[in-house]
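Here's the structure, in structure tokens; my notes come after.
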Amino acid sequence: MAILEIKNVSKFFGGLAANSNVSFEMTQGMIMGLIGPNGAGKTTLFNCITGFYPPSQGDILFDGHRMNGLKPDAVCKLGMARTWQKVRPLTKMNVVDNVMVGALCRTNSLHVAREIAMEKIKVVGLGSRVKSLAGSLPIGERKKLEVARVLATQPKLLLLDEVMGGLNPAESEEIIRLILDIKEIGITQMVIEHDMKAIMRISDKIVVLNSGEKLAEGNPQEIVSNKAVVDAYLGGE
Amino acid sequence: MAVFFQSLISGILIGGVYALIGIGLTIIFGVMRIINFAHGDLLMVGMYLTYFLFTLLHIDPFVSIIVTIPLMFLYGAFLQKFFINRVLDALPQNQILLTIGLGLVMSNTVMLAFTSDYRILTTTYSSSSFNVFGLSISTPLLISFAITIVITAILYWFLYRTDTGQAIRATAQDRGAAQLMGINVKRMSIIAFGLGASLAGTAGALIAPTYYIFPQVGSVFTLKAFVITVLGGMGSIVGATLGGVLIGIVESVGGVYIGSGWKDVIVFVVFLLVLLFKPSGLLGTSKD
Amino acid sequence: MRLFMHNMRGMSVFPVLLTVAAAAGLFLLPNFVESTYALHIMILIFISVIMGTGWNILGGYTGQYSVGHAAYFGIGAYTTLILMQYHHIAPWYGAWVGVVVAVAIALVVGSICFRLRGPYFTLASIAVAEIFRATALNLRLTNGAEGILITDIPPFKIGNTVITDFMSKVPFYYMGLVTLIIAIIVTRMVQNSKLGYYFQAIREDQDAAHSLGINPTAYKNAALAISVVFTSLAGSLYALYVGFIDPSTVLALDLSVHIVMICIIGGIGTIWGPAIGAVILVPFSEALRSNMIAQALIDSGLISENSRIGSFLKDQLSHAHVLIYGILLVIVILYMPDGILGFARKLLTKRRKETI
Amino acid sequence: MKRVLALMLVLTVAVMIPAVAMAKTIKIGFINSITGSEAPIGENLTNGVILAIEDLKGKGVDVDMIKEDDMGKPEKSMAALEKLATRDKVVGIVGPYTSATSNADAKMAERYKVPLLIPAASKEEITRQNLKWTYRVSATTGDYGTILLDLATKLGKPKTMAILNENTDFGVSAAKSAEAIAKEKGIKIVFAQAYSKGSPDYRSTLAEVKAANPDLVFMVSYAADAILLMRQSQEIGLSPMAFLGAGAGFSVAQFAAEKEISNGVFSSTQWTKDAPWGDSKAWFQRYQSKFGKAPTYHAACAYESMMIMGQAAAAAGDNREKLREQLHTGKWNGILGEVSFQDYDGYQNQRKAQMLVEQIQDGKFETVWPAQFAVKKPIWPFPGWKK
């Protein structure tokens, strides 16, 4: 059963189409890779799905709900959460408080929220940093914090926007393992990534965007052998 | 009908001076994202400068801007270098308080030095006017309007045709990116504040012959400058010019048809409406 | 001290005791202090703390830097006095009507202005306050520029027992003190609740907060509402105490700036910041205003009153106090950007590092 | 930093401890708006009082004046009064300047039973509250309009009047009383508006006034807006039977100096240098040579207030109750003529002021009304603008 359906979604800014007529589906528990060159409209699509921009045309169906026009907070409450390409830690709050903010999406009790937060912090491996100010963390840990925070909102679908960007290979490897662990728990994930090796390794299915349009869709092997993709994207790099 | 055209014309002319105040603030805001609460006080300093150049050295106020502009530029650059530059990365409310503090220091220093007396600068043309189609047009306002146009044109040329101007605009577009491109952002800020100060000072010089001068005169104009800047689009020079003229007209015409006591209300309501429906201002590009 | 500073959750015993002792001391103070001048200053401090604490919820915790809180101060002041003077409704009811009116207006203003961010919001808040000022200046309801003068305050009775007739400063002192304590308790409660977390999340990053299931407009409005309750009460208290209000005293930009200043000097986004700010700023500016420094120098015999410097200080310093105030403001912003509390904290951590 | 904190602590404590009174001279408090937006006029009061202290010394009264700034804000003014009354223990207080601050202080003076002598605030209600300890030298706002309309109806037959007043306490109350008096005298009000002071452009409003074509234009301006209003009237070509001006804006020397626009304008005032009282002319010259500028009536009122307070206090010794008695029953003769405080028309302890009308003739203020005090004949009607 499809957990997320994107149907003919377009987004225009002024006269420019950032996304045009994009359609695909995601099934429960899968990891979907979303790739494409810079400016292909990946982040715009994320913003449309999570409610930051209303799509200009088309429909987004999540878990049976029509999402168009819903605000990000409502989207999050329905069980969809995102991270940011450029991390957005709540810098003057410490790690546990950051994650608690996410957890409070499902509870009104600080006590319960703290328990959830501590659990998620352990999942991402920030256990030793609980009391540190978010602003003082290095980039790798900030990315993990971001993941812990969205996990704390107890999502069904997670959208990860370049969680490996700017990380060294060892850190990337940790994140990859984390993504696979999350898959184990049964959370569906959509991942934007530039690191091709990583994306090929983790994705069940890949959608390629180019100039706002869907260029190809398929499993990693199909994408690698797709001529259009190779020409437009892989070859061009 | 005569009343309408009369108020329209005086609104446009006084709007010219407002425009200068607004342009100064818009450059400062554009480059540094700082709301300068001392802007009116800079204008006040310009007024006193003009006053003393006139009474002591007998330099005509409209001529004196040749002296006022560079002096105010240096003064603004000094303020930027030693004060504002130090809070560029601070919290916005700290920046606001700093400019408020600087404003207090300026107005009270002037008060201690020159007492808080009203001063009137009277030139031979202070109240002269001429008639066109039965409408009276104030000569000094017309001259200052013309000077405003010339200054705006020069400024435009500077910002769009010179390297420094380009660099300032780049800084206003995106501080971080400008820095990466090798632009000396701090220096651009100094130039921007200097420009802002000299424009405020010039505005002071231009209204000095038709207005009166005292140490606390700035506060009225600070608020006006905010309105104009937002109206035109923060960072947009043409926008600020239009905003200034628009506020001049709204005050003048609104004063007639809704009541002069209410004109401040009208001005601020217009301001809020623009903020809400087009936060980027009439001519601004959207960004926060 | 460390417990006190870093205490965000569960209170430890020492600061609780300290706070209770301080509160008790303040309650008993009027019995020992005969100087009504001191009481006057205390009342002004209380009013400043109340409005600062109110602003702090919105500005300090939620990061919405309003420079237009005079609007709500004025609404509280005007509602109370209009009801009392023209409709004979006792001020202890009027003040609550004022709160309701202020909150209602704030929610309308908030739902409009909170669509704006950063400096745009700040400017919009100034515009709103100016609209209120200019409107009050022109309305008959508010008696325009002439303002409203209290003829007398009805005595406060419970049953037939007169509790106070408001002839001395003491009732105002206690009204201020109680409101202040409630304001601080509310701040504590907010800080230790979901609201507090959400407010701070919005302050730190509105988009991130939004994506974590927080409706920013709703929570900003909640912060504004709480904030306005105290700002409005401070306005009512001021109006009753001073006995005269007009647009240029209770709706002025100066006042909005004063509110922000208290919080920044003390340290924003902390429970005690506004209180510390007010306790320092109010007596200090009063000492400057009343030329107490020069007087102290002369009285102490350091400088003779008849000497050149003495007469200069006595005559000129009273003209220069706003200048000195401005200079100090600039210095504080440049050297103590996190306010007194932040500065103290920095000093403490530094010293701890040195000792370790 | 520690030192700064320590200093602040000391100051806080200093506020709390009453000062030790050890003066042998008479302690009189003086509250004024020395800084802030009211400062331009406040300055005149300070100067007037300085002259009074000199003259009191000449009379053998040694005044230790404690000067307090209230910045034009009621709560600061209250703090000042509080300090003077309880900490400095002055015998009487002169001030404050504005109506808002005077209102706040008057109540407090009542509570502390300290005589308060208000020099320049003119809001009528201040002395209509049955206060025992508040006395006022200043005329009230109603007085300004009465004398001007008196003059206008005696000299001509005006049928219509336009009122243009600044939107302040003084402006609104002066306009209100002018409107009432005009109605009494059968003059129709064809235009009435309040303007926000400090605006650089009144042309549109004045164009409206011109369109209403009134016989009289009554303007109230406390600040220097008077000059702007007249300059722009000339530009617009507004030329009624007479311009009547109330408030400080029309009676400052700078206004008269602008003869091109001020010639022919009538203004009502409490004092002029031609006033036939005391040594007004000599006092005017002394003020001018000492401070380098001409005094306004505020300066004269403040001077006289301090003179009265000083003399009354000298007679009363260090006793507030006796001082109040002195003020209540005493009569003084100075540059404001004979001053005594009376109860009339709902007022208490109010000086019944003899207002004067000045007209600017050849760039100089000349007293033209009432006839017994006039030094020049009034020029009526307004001669029109020179082109």
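Letters A, B, C and D name the chains as they come in the text, with residue numbers starting at 1 for each one.
Simple rule for what comes next: a residue touches a chain if its C-beta (ideal position, glycine included) is under 8 Å from a C-beta of that chain, and two chains touch if they have at least 3 such contacts.
Small disclaimer: the values here were computed from a predicted structure and weren't measured.
Between the contact lists of chain A and chain C, the overlap is empty.
Of all chains shown, C has the CA centroid lying nearest to the centroid of every protein CA atom.
Using the average of C-alpha coordinates as each chain's centre, A ends up farthest from chain D.
Averaged C-alpha coordinates give centres for chain B and chain D that are 34 Å from one another.
With each centre defined as the average position of its C-alpha atoms, the distance from chain B to chain C rounds to 32 Å.
Centre-to-centre separation between chain A and chain B, using Cα means, comes to 47 Å.
Between the Cα centres of chain A and chain D there is a gap of 72 Å.
Looking at chain B, one finds that residues 108, 111, 219, 259, 261, 264 touch two or more other chains. Residue positions of chain C with contacts to 2 or more other chains are 134, 137-138, 319, 322. Multi-chain contact residues of chain D, defined as those touching 2 or more other chains: 35-36, 167, 194, 196.
The touch graph of the protein chains shown belongs to none of the named shapes. A complete list of chain pairs in contact reads A-C, B-C, B-D, C-D.
Only residues 1, 8, 11-12, 14-19, 34-36, 67-69, 71, 73-76, 78-80, 82-83, 86-87, 100, 103-104, 107, 111-112, 123, 125, 129, 167-169, 171-173, 194, 196 of chain D touch chain C when the two sit together in their complex. Interface residues of chain C, counted against chain D in their complex, comprise 33, 35-38, 40-41, 44, 134, 137-138, 144-147, 149, 151, 167-168, 238, 241-244, 246, 248-249, 279-280, 283-284, 286-287, 289-293, 295-296, 299, 315, 318-319, 321-322, 343, 347.
Touching chain B in their complex are the following residues of chain D: 35-37, 39-40, 42-43, 167, 193-196, 198-205, 207-208, 211, 223-225, 227-228, 230-232, 234-237, 252, 254, 257-258, 260-261, 293.
Listing the residues of chain C that touch chain B in their complex gives 59, 65, 67, 112-113, 115-120, 122-124, 126-128, 130-131, 134-135, 137-138, 253, 257, 260-261, 264, 268, 316, 319-320, 322-323, 325-327, 329-330, 333-334, 337. The touching residues of chain C, counted against chain A in their complex, run 9, 192-194, 197-198, 200-201, 203-205, 207-216, 269.
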